[in-house]
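The two complexes that follow have chain A in common; it is paired with chain B in the first and with chain C in the second.
This part shows the complex of A and B:
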């Protein structure tokens, strides 16, 4: 689930006939029926084949092969969308993957702007590329993956994964098909993992993300065939979707425990190898969990680790022994990466907490709470200011834990942060994930606190275990985020619900974001289990970790 | 034993006043290693650590402590699998000599990298007495560049005057300014070059008091702020602000030993955060402050 979004443009090579296509496409617009579109595609293919040299063919074929095999690069195949597609994930990206079939007023002007931009780029590229590469184009034939002609060593741009292209019906159809395909052959082909449907009006800037409702529990909305999904996973999915298990560490640990149960109950079918079959068995579970609540970076890393361990099981290993080994691996992982890491981080953090400190924390981070409790036990004299925000009000949980230990606490809402900051000597923040370019992804509101702290010259320390480091690169909070149930915003403290009928007002949208991204300039120090590093050194740690593995 | 150590160290310092105190410390440690009659590798390491502590007690600069730690790490980085202790010791000694040789060349390397940044007709501002900066300016003068230098007086020990004397010997036009006149003089200056006593993990530096002020002013004036430091000055500290720098570095060694109430003493060093530094010139190359952490990870891990 890790995707690198490349934002430079020079990766596609397009022939001069593109411009005609675009004009034709614009004129034809939505009137093209499916057959017409297919016909157009075929025509393009013919044109391309006639113009092409032999050596270009293998690259195109391999591209096409790659396309169905790698389900991670879906893209709409309609001819009306090519220019917008071809602008790979560049700045227009969040707005621009517009569905031609369901234009919203906001999307349409954006689409034509993106198209114009892409046209211009296409023309430039055409001039540049017209020398060597002919007819290497037909964007309709091959989906959005920009071609890397064999003569150039250009990296392939990875498309956004399906779960962030929700406003694109083609993508959704592909996703449904993919979920179907994930069945292992013995299961009935008719049963498949159902797709969860979105709820309510989505703010256009985030229309590419899912927005689910928590009003009714998941099992009432979806029919989950029990033969397909292990009950432990169903329980986990329910816990995630209802918010019973929340918090990055808690979710990862719950996931690993559920996988342990799955492994315990697993039996290798005859004529199958454990190392391959088990991995395939896990795939539908992971898709299901993704439907319940989008996977976090820490969960992604944990899953990668488990898959690696499973595929490394030697084939001559007996089933009992293999299962025991796997269970052991998972226990080690939890112990090393979470429990011991927390101890190491607490050790480093205590050096940074001096007597008389006033520490500000935001929301409820299990790691930060652990650190503060440890420091208090080591007899450091400090007091804590807990900042909280609606609608989750997670700070109350943190407050409860700290006060129970006997730590002196103050509780404010995030709107009072600039009032209280002159008193603060340090800010401790938890993180959901640390991205490869040094950005910190954390609960929404974190970047606000970091910004205000920077303005007051208060040092900001982020505490994060290394298993949360992910290879993704993100510079803004729009591209990849999570939308929570908008109905959470309706209720106020006094219990009145003036927004109750928000769905009836067509111009009103409620936005309940879960994560935001903090740039590294606002963070002074990251405390990890490897030591204290500046925010910009995350890629070095990732590199060192990869070398170790 | 301690007295012997300290005497040797002082002798080294006196012999070559141009040598960095850290280099003298490392020479002392090497000599100590040669004379040591320990039986086990672990015991050897323990006694080396003890020796480093003694030396830090004598000269409390950051460089001595970082140099000692790096020396220890460098010599123990070899595979010490030999059965015979004396053979192991021999290997360690050889590594120690190698290390010493490398760092003796470090100032020359730094000077070679940095002098190209001094253009003809440049006006340079520097702080207090730094032998590395002196070496850089020597090299630039040798390359027939014309430049003039402003040096701050750098109280409380007026080290700036020493620097001015040394520069006059090179026939470089030099002006000594008050520490308080840094803001005043910065509009005339093209670039600021300072040395460092220690380079910390965040990419910031620890240097003579007054450096932070100079850095803040040069940021306000948009003048480049360059730091020249050898790589053995990289230390595993991560201060968040001035207060966070450990007391043992802030004051002179004898002050630490004699005075009871440190809050009345004037600190000798301050911490400059990486956001104010443009580039660092080290024998590992020209680094940006964020690259320092990468280098440190390579050196220490």
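This part shows the complex of A and C:
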């Protein structure tokens, strides 16, 4: 499997780059030979092309070196800079470049796997660049790579995912085309997944992200008896975009149930294999769900698992049996990774809760609520402080569930957190995802709570199942985030709507962020179903998981 | 398949018998198109490919000969004929076609003219896993004078009381004035669960319902319910809050999941999965009490209320006239059909619509009127604010204002009609002067 490592501009220095290379090399050693063969085949094809592209390389290398100079500017603005930088890059600058970076077109086979991959990537970039040249305004020889600018600091060129390049028209065009091509096989008519359009003015720092309006659902552009997309998936997409199913666990569970329905209703068309056709069938559904609401890390892992299970179905397996197997796998996944994991985490956490504790929770995390309810049932004496924030005000739902159980609760808004923290003995936080460098991605405001807790020397415990562990690396909340409907900010709790005409004020932008990342220095312990681990052990868990699979 | 469309076209038009005693309501011409073309067009535009049409034999015959239906409607129409005696209510009709229903249904009435974005109604149905989702619209005032009625008499229509919750989407209460003898009484359980209710009276029910398949199965068992609008919908709305929430028709999800065989129903055990996810979701549809989302109720009814945009139910004469005025504009009808023969000295206003194969002679003046197919209008005729149906002959020198002339009528020479309603095949004598607000069946 490919490892796509995102990075923010200007942060990564030489050291971590090397480490990533080594990590990648190790992982490549374990890759299937099938992939290697494919790669070799591709390399042979590109050998011919790369000979022409040889002259492009030195200028591209020099362009790479221009990037660190401009690294101070934030990521979203770099796509606009390549045109300006193309001119100076025409003069090749002799800059020291790590040895592994210079891919020479001539010698191929006798190289390490990392260098092979680097070469292949470089050649692919060159190819892509030449295609991009046709649409480019700039007349330079140096290829324009609007996709790759921030990541060119890395030794090997990486690709940025499309969902963080919304301000790039070329990427948007490509996405539209990709959605067009993703037709469900049964209808050869031009039924395609519609593209959801962005809404309102986006704050410039986050203009690379999508911002949708809840009042313009994607179903507007689909036919009513949805034949292109399975009805269960349409229903799910609607529930995501309207916020009826919200929260990492809820979304994953709902997704898996919807896939179960899809598999139940699936019939293999003649001359097709279930293992390949079903995966193709799921692709447009996943794009549709992504358009309704960007997929979470947990959903991504679940989808990867399902796709793997489907592809592993032997071809001689009968359809009924295959479907039964798949449904069984999904049930097992839900049971193991979500239900039983919650039980295990509750068991570990209860050890950490002692009588007389004052526990602070933030927002509504299904896992933390479960833990507290279990602890209460085991007759631990504690009270809870629920911290809440606008515009979602999810804390009210958490408060309802805890009070219904009989737990003693206090409710404050996040602005009062430093007032209330002297009373608190522990902080329990839920997580949306745990990133590979130990950062915790969670609801916006979590990092604030962790920061203030650290200042008061209150232990912060993050509870997270292992299926939410993500191989992404992120150190700030800007690069990859989600923008919610800005109209949510208009109505205040008291019902006044002073921001109603915000769109008419040209200098005003409303920002409704959903997630933020908390550094591992603020987190004292991560409680997972594998046990209680420090934040820095997350890459170890990931590596072990990859070995297992 | 997600939704099956069912078009109810067997209605008799009991509130406009003058127009319908000869032409069935479904085939009355509105803007030179048969009335049932409009809902069918709506369904087609939304993407439906098949419609089950419940109608009478007469309508079926007329449908097969009508050019508009044959050419414009590209969907596959599955016509089911029922008896004309009028004893069959809409719910009875659904019971009749129960075998054909394989999934959730969308019931539309043939007299609905609207351009609503149907996804608003269906999205409520999908997102909340609702049992019923319907469409309503703010009532429009009818401004045109109705022929055959002296003076502007406001018909004492029985009002409908509709109660919705704070979001305006959840349907809490529905009753007609006729059923409320002592006054409006609301159960305490409703007030406890939804302390803020908005009660509206000026709404028109568009008779467009999304119903779950389980409801059709329920109808098969309960033969006492015969009308969707009159009995089924109020029953469902009341049942939302009844203490015995496990009413027999709501298929228990447990038994659904125990059924190993899959009949392709997409609601198979969906509710249980939904509740599993909702348990973990941080969403609630209401606030202020200790109950979970939807108060744990399995039966939910939703309504989408259209604020703006046309939505007409053509079931009275006044509505018919209004629809004729506005429907052609809505669908950008070509004012003059290409096959009509109009002489050059005819004055035609921009608001007029001339049907196919008409012959309009010299020195005629046609303003704000709709003229049907194969109509002959001779010289020196003045037609204003009128609706002239198919096959009518208007002799010379007539003056027709604000009238409705049904098919195949003959207006004799020099007749003067104001606000009259001329029935099918009637003949008005020549030189008949000063017919005023008359009504010839």
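Operating definition for what follows: the second predicted complex is superposed on the first by the 381 of 549 C-alpha atoms of A that agree within 3 Å, B and C clash if a C-alpha of one lies under 4 Å from a C-alpha of the other, contacts with A are read in each partner's own complex, and residues count from 1 in each chain.
Methods note: a residue touches a chain if its C-beta (ideal position, glycine included) is under 8 Å from a C-beta of that chain, and two chains touch if they have at least 3 such contacts.
Fair warning: this is a prediction, and the values are worked out from it, not measured in the lab.
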Original post:
Where does A:232 make contact in the superposed view: on chain B (first), on chain C (second), on both, or on neither?
Top reply: second
**OP:** Examine A:459 and indicate which partner it touches, taking first as chain B and second as chain C; both and neither are also allowed.
**Re:** first
Subject >> Residue contacts with chain A in the superposition, chain B compared against chain C >> reply: C
**OP:** State whether A:371 touches chain B only (first), chain C only (second), both chains, or neither.
**Re:** neither
**OP:** Give one of first, second, both or neither to describe whether A:306 is in contact with chain B, with chain C, with both, or with none.
**Re:** neither
Original post:
For A:534, is the partner it touches chain B (first), chain C (second), both, or none of the two (neither)?
Top reply: first
**OP:** Please work out whether A:118 is in contact with chain B alone, chain C alone, both, or neither, and reply first, second, both or neither.
**Re:** neither
Subject >> Common ground on chain A, meaning residues reached by chain C in one complex and by chain B in the other >> reply: none
**OP:** State the interface residues of chain A toward chain C in the complex, per the touch definition above.
**Re:** 217, 219-220, 222-227, 230-232, 234-235, 238-239, 242-247, 249-251, 253-254, 257, 260-261, 264-265, 363-364, 366, 392, 394, 396-398, 400, 403-404
Original post:
Inside the complex, what are the residues of chain A that reach chain B?
Top reply: 352, 354, 426, 459, 461, 521, 524-525, 530, 532-534, 536-537, 540-541, 544
Original post:
Where on chain C does chain A make contact in their complex?
Top reply: 1-5, 46-49, 106, 117-119, 122-123, 126-129, 262, 264, 266, 268, 270, 273-274, 276-284, 287, 290
Subject >> Parts of chain B lying in touch with chain A, wherever the complex brings them together >> reply: 201-203, 238, 240-241, 243-244, 274-275, 290, 293-294, 297, 301
